């Protein structure tokens, strides 16, 4: 950390600054430039209290040098992490295709959709039982009944399942049914939920918040990792912007950006990012080409009757076409979607 | 709601659209223009299923006419709502000054700060016992011990207290100590927490999320109101933007914007919005002049040793100066900060 | 266009609204719903005066139905447009690779870089002679001397050249040297410059402004098209956002989004979008997979001595590797970078 | 400037870094911390070439210490600058009220509006003769004819006039008529226009670009100042954001933020910032309370027939009410709108 001293700071202020740096357990290193004096602060800048150095009179600005996350960082763990969801491998060249409807509506609905996505080659089935809806009057999900349906249909088609958990009080219940827990964008900084999920041994799908930086996303992953759960898959799903012709703005550069800074796998969700079925296929292709470890898309056989987010779902035949394209593309890039035989996979 | 039909839609598609509109319980009203056919959809557009009309083949866009919130709307309740926190009146010309440290650190710390803010004329005391911190390694608050300190100090200085609740499991505990519950920006769309707070009879301070529109904020208020709790005070605290010299961007126009659309009181928090003590006083003045029902500022007697967010706190003497300015300004605008004698106030 | 009438509008106001609609040459079509009356406004909503309908007392909101651009729209011209720069074809399956340094610095510098980018397979050479710099004290470009160098080096390596024009007064001069004129992001709404470029017969590379929506970009293209110049290539180069680890946020979904709404070719510039050489190759791959008609990258043999934007340039060997990847990817997608023999190409 | 060295940098790389720092005329100052080595770079970091230090292999990041603007900075000129437009004083406690229609439409229109704004107490008259319109099909302004009308009406009501200049080729013409030149938001980084305006001796009203940071705005002011024109008034007029219920987001904190960093006066334009007459009065009050040196509002006697931006104009009676409020508020804050007698004013 580096403290830039105000040009009008008094000598007394500078001495006080140096004293505080020492009190906090750091070693100060003063350097006088032409227009500014700076104080190098040697030590772990993530130490509590460090943030307050900017509140000392005479300090103009504090420049951080280190990343604020540790377990999530590439420096801590150089190789790409691989996360298993059931027998599906995410990362290290294996791609996830997480597909299914926005919400679990009924056994029949899930059965129809699961058959299609399995046929297309999805390897993880999704569906929401607890739904975070902007309006209190909108469909809020089937709850445990939805979890049961999702589990049964997942077993029928031999697909592990992922579903959202919104409340720390639901974690235990959802763990009884799901193979992977999703933390939604609106809860990316619901720290009690992050901690509770960190205490489980289920893999976590952590979606980027609508106004979270890549650093914020990695800090939220750090909450889960710090509780001892290392199976975290990140998900870029678009951020808020001024562009009004898409639901959010897909930050595709987050894929390589995360990979430079972290060892965790990252997938892309163009359904929520764009909200437009006409843009989803090309954004899936771009995600795979960008180096994402998978994609996440919503599929519904009758979007006009869906109970949640119908307008952004792909139709089954669109999904089948998309998977054909993605398989060819992945092959050209030396990667693949398919889960390998169990014997080979489990470490 | 209005459906704009694609120019290349077939007659069969149009008939299907009209049929679906009827099935959903709306009355369709077709109108052919020069370049587009439109279908007026008569009925309550907040009805479940309405959102899916945009998924019907042949529909180009869906234009909403009505606001998606009801209980929070000015149409539902024409007069300004007034919310009482203890004997302090917020709204209807009475201004709240919510002041105190970011986090409760100790009895001594709270006692010193409360004495100053009381002297300056604050009418509500704040302090965090459960802290939402970006880093899992940062100080997370004193928990119940902090709540006790806050209550005791509040009673000593005859100031009602407000403190943040982050987890639905904490609501009952926090209710035992606090006069007002704060829902932080990161939890503005933590819907389970909104519902749980809606079931209490404590006034709620609902902070705007970092990427929430004014409509989103009012939809989150609707969650609380829909549970039967009508004592909601909104708080503008800045949104994420590209401007990098302030912590967030204070959307001052949210004050009159909320007042046009809703009857709920709204206050402004320049501490979190700007993160810069040198900008806070002028933003407090602007908030009062803009018509806000109060302001929220962080105060600390020794920011450089604060356990949380020290750099954005005002010093006690800065707070005293600010309150002098604000009192004069409020007087010029025909408003006041002071809580009136109880007899007069309670309705 | 549809006018939503305020619920408290008087009958007299409604009559005045209808009269104004007629005066402006539109046909009104009144429809009463449960909670709102709406007035359909039949006629060309891009007609002057139409925007003011929202200023009539009693009008709550105005909903637009039509796109505000015409010549740039897919409705006006259904097939993909193809633009020729010299003998290089952009669009219709032919990809552009526009490469070169940020600024022309000297003949030697351009000669070294052009040799590399030609070897890698770039088909258009770039270099700035007039530089829009945030600081008045930064290198502003070599001016006409730079244009001469760029032209000479382009001819030596048989590469058409593109260079930025910043001022309407420079258009004539730049046309004497360049094969394609670039309008930079900061000038996307410099309407006099757009008109002046629209009057030339040179193809135009129009970069998206830092806070321009896709619609704004197409409106700026419309300015050029309306002057009679139909050879416009759009360029996504990132927009401003809160993310602080990249220079801008690359809106990859703009590629398919433009293609849905417009017939114009669009390329992607990951150099300016990310500002980080470690992210550029994967964003180039993603752009090609997303369906872009080309990419634009900055290359410099000695970035640490570049006179402008060195830190975001690829090194020559990085560029060669990237081109190998992109050629393989393009082949897998049935597209190619190479300009075909002239006889085949010219229409 | 401080260079943070990558933990994996070689000794050879570090030596090369130090050599480059010296070659660029800086003095290096190496300091080894626990996890990173840093190199302090002593010298003027705005020197050309300094930006490229981040491109040297082994450099992880470059931290700037100094502000990139000089003449615009508070350090360069400690006292508040005062700018005269005709006999009107802006800054130093004197407030500007710039009012008038968006566009000059006719002598009659300007005459009616000028009479009202003069009566209300505006001290500068505005009106556009050259209009930057998003659509090429919209009214583009009356050109020189509009300038003549504006000058004549300004003289009739003894009001100095301000009008926009969009193109360097118009500067001379506009100077013949106007007392102050406005550079619009879309042209804030039209550097040739900035330079051309910097060469005149007219005061300049420089509007903040829609995605410009406060630093960017001050850098654009620096372009004008560097040409020798010191009479620059800045204008906050809202920036692009995700909020869709206002035209832009008014960044009110830019007012004190500019005042901390710069000596230049700054005014606020709530008309363009909000686009909503129902929010303009409260935002004008907030601007004055925030410490702005004036406000800028659009006024039209018949917004529904305006040729440009009618929907955001105040009606004359709304303007008169607003001015009454603002005068009282300004008085309470010890400031005033009125131009003093000429003899007193001219320095």
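Here the chain labels run A, B, C and D in written order, and each chain numbers its own residues starting at 1.
In this section, contacts are C-beta pairs under 8 Å (C-beta built on N, C-alpha and C of every residue); 3 or more make two chains touch, one makes a residue touch a chain.
What you see is a predicted model; the values in this text were computed from it and never measured.
Across the two candidate interfaces, B-C and A-C, the one carrying more C-beta contacts is A-C. If each chain is reduced to the centroid of its CA atoms, chain B and chain C end up 39 Å from each other. Separation between the centroids of chain A and chain B, computed from CA atoms only, is 27 Å. Remark: chain A and chain C have CA centroids separated by 31 Å (rounded to whole angstrom).
Shared contact sites, meaning residues of chain A that touch two or more other chains, fall at 211, 239-242, 244. Chain-to-chain contact here is organised exhaustively, every possible pair of chains being in touch. Contact residues of chain D toward chain C in the complex are 20, 46, 48-49, 51-56, 68-69, 132-139, 166-169, 186-187, 189-193, 195, 209-211, 216, 219, 222-223, 226, 239-240, 303-307, 309-311, 313. Interface residues of chain A facing chain D in the complex, by the touch rule stated above, are 2, 4, 7, 29, 31, 33-36, 38, 40, 42-44, 61, 63, 65-66, 75, 240-242, 244. Remark: chain A residues 211, 213-215, 239, 241-246, 249-253, 255-257, 260, 270, 273-274, 276, 278-279, 282-283, 285-291, 328-329, 332-333 touch chain C in the complex.
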